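Got some structures for you, see below.
Shared between the two complexes below is chain A, which has chain B as its partner in the first and chain C in the second.
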Partner chain A sequence: MVHPSRKRDYKLISRLIRDFNGDVLTVPGRVIALIFVFVLLLFPLANNDPHILRILIMANIYVVFAVSWDLLSGYTGQMNLGHALFFGVAAYVAALLNIHYGLDPWLTIPIGGVAAAIAGLLVCLPALRLRGPYLALVTLALPFVAVAIVLLFKSTTNGDMGLYGIGRIFSSFEDPRDNMIVTYFFSLVMMLPSVLIMWKLTDARSSIVRLGIIFHAIREDEIAARACGINTVRYKFIAFAVGGFFAGIAGGFYAHFLRVVNPQDTLGVFLSFEVIMYTVFGGICSIYGAVAGVYFARAFVWDYLLTDVVEVDVGIKRMSLAIIMVLVLLFMPQGIAVWIRDKIEKTCPRCKLNNAFFRRNCRACGAELHVVKKKSIAPDMSSG
Partner chain B sequence: MIEGILINGLVKAGLYALLATGFSLIFGVTRIINLAHTALYMLAAYGLYYFGQELGLSLGVSIALALVVTVIIGALTYKLFIERIREHHMTVLLITLAFAIIFEEAMAREFSRDAVTVPSFISGYWEVAGVKVLIQRWLALGTAFVALIGLWLLLTKTKLGTAIRAAGQDAEVANLMGINVPRTFLITAGLAATLAAISGIVIGPTLGVVPHMWTDPLIMVMAIVVLGGLGSLKGSVIAAFILAYVEVIVCYSFPEHCYMSRAIALGAMILTLMVRPEGLFGTSFEEERL
Partner chain C sequence: MKRLAFLLTPILVLALVLGGLACGDDDDDKAPTQPPTATTQPTDTSTPPPPPPTAAGTIKIGIIGPMEFVQGEHHWYGAQMARDEINAAGGISVAGEMYLIELERADSNELFSTADAVTAMERLITADNADFVMGGIRSEAVLAMQDVAMDYKTIFLGCGASEAELCARVKQDYDRYKYWFRVTPFSGLNLVKNVLFELGIAGAIITQGTGFEGPLKVAVLAEEAAWSEPVVGALNAFVPAKLGMEIVGVWKPSATATDVSTELSAIENSGAHIVVPILSGPVGIPYGKQLGELEIPVASVGINVEAQKVGFWDATGGYGNYMTDLNFYAQGVAVTEKSVAFVDAFIEKFDEIPTYNAGTYEAILLLKGAIERAGTLDTDAVVAELEKTDMIGPGARIVFTGNDTPEPHDITYGPGYATAIATQWQDGEMKCIWPNLGVDEWEGIMYDGTVMWQIPPLLAQRLSSE
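Up next is the complex of A and B:
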């Protein structure tokens, strides 16, 4: 006789396994994501070249940054062209705390994140009044104001030169190689939970957190959302605070990893555009799109293919990346990851569940997935 | 000092107004944030250098060639790339940015990253109220003035102008009224490219022509367009004057803090938008549901 509570435990575990089998392994996109996480976790076993690890750590930082932009601008539709503001604020806060008060990275990074979240709340104040392109341009202008403030307080921030000599993430081992490996794992410890949290927060089908569906509603039609009784002001504040917080986490990690914080690299307009570039390239308004965009465009194409495999100067690199972007977006305007997902997954027309592309019937409700288009009576020239 | 502020501000505002109206035109009519707009201005300046200095053509011919080539590049980019993805707003933003980078790097490869100089059309100074200003700058101001008047006449007095404004207000209804909207959009893109090219040609000789000269005015141009109100050309011109004068006044009053001028101008824009979120002359949000 098994104790009832134990029985509940078995039930829970068996339910988890069943869910895993049924809901993860049957959908190609989720299998790919799972494999990807395992590859990231086991990567140092296969290759511990510090150069490659460095590329991946930078990619992890950019992933958090890009996903936070996606949460704010992709989901809520609050087009933010100055996301570097949050990154820079957190980087400066973390760097100053570390240099002047000697706080450790595990403290300065979250404090930087909180500072960026406060910055997000402040940015949200004008954002409540502005819409669309107006908001985009105001947010674009804000990092410039921040750079001016940095330059104004030259004695604290060291002006154009920036702050340097910031403490490392991890430096207890003798061998810098080992330090790099540990730093790599720390970057994963930062990146994986951040992305998971943001992914769960924006999940439109979640029954626990209503955030995702409300963000969609605000983006699609704010007036209609307000008419439905949604306090759009509160949710915009939440979006800005959460987006700012995670961008700040990325910024703080960046400060401790590169150990240099200067206005051009952390508050520059190109950083803001870069994050949009990766996210739109991978697929806007889908968390995995931002992840895929960063790993593909930044880590693979920019840092590996154009730096290590074919060694070209920066000009050619920028030009090749721009040409790749144009060509890819021309044929997949919704982004590369979303395009691939649409190819390997099929949404059930009845219950809206995602299925593998090779299935004929939906795995849950059994509805036919590939409904053959009936021949229209009028001759259709386009379909041939 | 007052004369200096007035005259330098006027000249600066002329350039800003010329660039901003082009940006505002394509933004207001086709709803495209064209980040490659100022890249066309850079291309035109390089065109003038290439045809005039490297090929040694006469001034008139090289101006005409630079103008035509830039407009063709602008129109082709719109027709071949931007038009088919027009409804994906962020993708358009990204593609125009990518094109700006491609243009910049192409020029950097062809002419190196160092500044090249284009001789002024007319050399020398012209002194007004004790302030010496290059005649080329006065020429730029005059050209800007003529171009803006021309644009205003085109938009208000001709059938094409009416079609452009109609397509900008409501593309679907304009289509129903028998206006060829895709063609009108293409013409608008060409017009915007023309304005960018004109400013590049007249301003190029007063600055060193460098591949990255498009980034600097881009931010100000976008700020001006938003401050003036989307799609309002009158608003763009007035906002150009406001922001140019703010910059010049800051630079003149605090010469040691000249680097702050841009941030203060942008701060002024943010504050104005807080009071009037739709810009100075834009339609309010209640009227227009985006």
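Up next is the complex of A and C:
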């Protein structure tokens, strides 16, 4: 006879398998995401070239940074053109704590994230009074303020030169190639849970966290959201703090990975624009769009295709990437990942669940997915 | 959502266009005689002399720099000249076997991104298997690139960054950083000495030529970069104390700025007589052009890497006349016995006067010497021989500072070693104006081909009326 507790375990496992089959394997987008994660986890088995791993580690850092921008500006609609502020604040905090107090990256990176979250809360104060382009302009100016602070406290921040000699993420092995492999896995440990958390936080259908649907509501119509009893101020603060925190995690990891932090690289305008470019390129307001944008535009096109395969100088790389992005904006205005998703998935008109493109009926409610357009019948004018 | 996309699209397009413009700004820098492929292909596609049949193998040298700008371009030109010269003579002898030099070109994009620079360095060493690397100009990025090269115990010969910390690290942790050597330029404090000499000459000639008696006012225009900070600090300390001049302010544009008219207008309003540019980036061209266009009655005396090249005259439309800056090479000026021939050959090949970044030429020559003396490619043995280097190159006699100095593996500065020169644009020609015994006695040095510094006419006119 099977013990009742064990019976419960069997039931739970069988339910998880059933849900996995029903909710993951039946949706092409999720299958692709799953395969992508497995490829990332197994990648060093196929290729442990430190140069390629460095490209992927930088991509993982940019992914967290880009997704955090998508959470804040894409989902909540708080247009932030100075997202580098959070990245830079955390990078500096992590570097200073490591250099002056000898703290390990495992402490400095989260503390950097918290510092960036606090910066997010401070930035939110003007954001409560401003909207749209006005908010965008204010946020664009904030990294300049941070640069001014860095230059003001030159004795601590080392001014333009920045901080260097920052401790590594991992350096226990003699061979730098081995260290790079371990660092790559740590970057995945940083990136995958961060993206998962931000994805769940922004999931409008989540039954666990209600933030996603509220973020959507604030973005679409803040006055209507407030009229519905939503404390929009509180949720804006949450969006800025969470967005800032994860951007800070990316910034802290960057500081320990590159081992130098300076105003131009961590608080520069181009860094803020870069993250927007990748997100829009992949598909704004989708989380996976930001991931796809970074991996495709930054890692594949910029760092691999145009550098390792075609081998062109930076000027031509920049123009080539610009042309690719403009073409994508022209023909796939929602972003490349969203465009692909729309091709391989169909949303049920009744229950709004996503289904594989080849299905005729919804996997949950059975509603017909391919709605045949009826021919419009022109009114017979002659009869009148 | 649509509103968001509506807001973002113009921003995105603007960012891309600006990025494109930034890379297109330096079109004037391309040497007209250089085949287009040489500026677009990372690997060397020019035709080197046919290899001797006895070559036992190749030694791969990675050249890393911002290749879309003059600094990286001249890294590459200098290296090409050394490669062609050495390969034509049979290559490098390693324990009796001849090895040819193979160059690998890496665009670091370091003026914009340290991350890109580090990725390029890692690629050179791990994917392209470069045996030695040289180049780099932006100190902040070179610090990060240096760490990567040291991780792989690869010899890195710096040919552009002046930050003292790069060599101080050798002292702090010799076993790790001993693979770093700086071939050019010398460190920031010595750069200040040269700027003070330049200012001294200009000040003396202005006083004698115009009869101006009051203290000359000096404005500093320093790009936002790590290397310029100590230079500005030292200028603030020494210009009033040593030269009796008054500093009226410091302005700091970006190293990649395309417009400095605001700063120049402010400098004009400050009443400055001399502007000291501390510029290594492409901002040097708009500075030179706009200073002339705005007809600001000042003399420009300092460091402007863009003004070291022939294309500067055309790029500024002649407005760069009378600009004076620290330099390492000038046509017809014999800093060493090899200078004139090298500069002439460089001009013949690339239609350009070499900037200090062409020090990759000397870097390869001294590396050849070290390898041949070591008789092996073993890195530690080559490092030991590099430390003993004493070579006369076209720009200087190169001897590295010893391990007992605060900054080992740096190029030795001073008379008999590396002194650099100062040049002034005089009606389309770059003339050497310092060291000049006619104006200022400095250790009895005066190189052949040196002329007198000329006061810009607008400044002379202004001072005569003051």
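Note that the second predicted complex is superposed on the first by the 377 of 384 C-alpha atoms of A that agree within 3 Å, B and C clash if a C-alpha of one lies under 4 Å from a C-alpha of the other, contacts with A are read in each partner's own complex, and residues count from 1 in each chain.
The working rule: a contact is a pair of C-beta atoms (placed from the backbone, for glycine too) under 8 Å apart; a residue touches a chain by one contact, two chains touch by 3 or more.
The structure displayed is predicted, hence computed values, not measured ones.
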Could you tell me if A:V309 is touching chain B, chain C, both of them or neither one (first, second, both, neither)? neither
Name the contact category of A:R318: first (chain B only), second (chain C only), both, or neither. both
Between chain B and chain C, pick out the one touching the greater number of residues of chain A. C
Could you look at A:L130 and tell me whether it touches chain B, chain C, both or neither (first, second, both, neither)? first
Partner chain in contact with A:F144 - chain B first, chain C second, else both or neither: first
Applying the document's definition of touch, where does A:I284 land relative to chain B and chain C: first, second, both, or neither? both
Between chain B (first) and chain C (second), which does A:L330 come into contact with in this model arrangement: first, second, both, or neither? first
Can A:F273 be said to touch chain B (first), chain C (second), both, or neither? both
Return first, second, both or neither, reflecting whether A:G77 touches chain B, chain C, both chains, or no partner chain. second
I'd like to know which partner A:R54 touches here: chain B for first, chain C for second, both or neither. second
Overlap of chain B and chain C contacts on chain A, residues 79, 132-133, 136, 273, 276-277, 280, 284, 315-316, 318-319, 322, 325-326, 329, 333-334
Contact footprint of chain A on chain B as seen in their complex: 27, 33, 81, 84-85, 88, 90-91, 93-95, 97-99, 101-102, 104-106, 108-109, 113, 215, 219, 222-223, 225-226, 230, 257, 259-260, 262-264, 266-267, 269-270, 273-274, 277-279, 285, 289-290
Partner chain C, residues of chain A touching it in the complex: 49-52, 54-55, 58, 73-74, 77, 79, 81, 132-133, 136, 159-162, 164, 176-177, 219-220, 254, 258-260, 262-265, 270, 273-274, 276-277, 280, 284-285, 303, 307-308, 311-316, 318-319, 321-322, 325-326, 329, 333-334
Note which residues of chain A are touching chain B in the complex, please. 79, 126, 129-134, 136-138, 140-142, 144-145, 147-149, 151-152, 223, 269, 273, 276-277, 280-281, 284, 315-316, 318-319, 322-323, 325-326, 329-330, 333-334
Spell out the residues on chain C that touch chain A in their complex, using ranges where they run on. 1, 3-5, 7-9, 11-13, 15-17, 19-20, 22-24, 39-43, 66-68, 107, 109, 112-116, 118-120, 122-123, 126-127, 139-141, 143-144, 147, 151-152, 163, 165, 224-226, 228-229
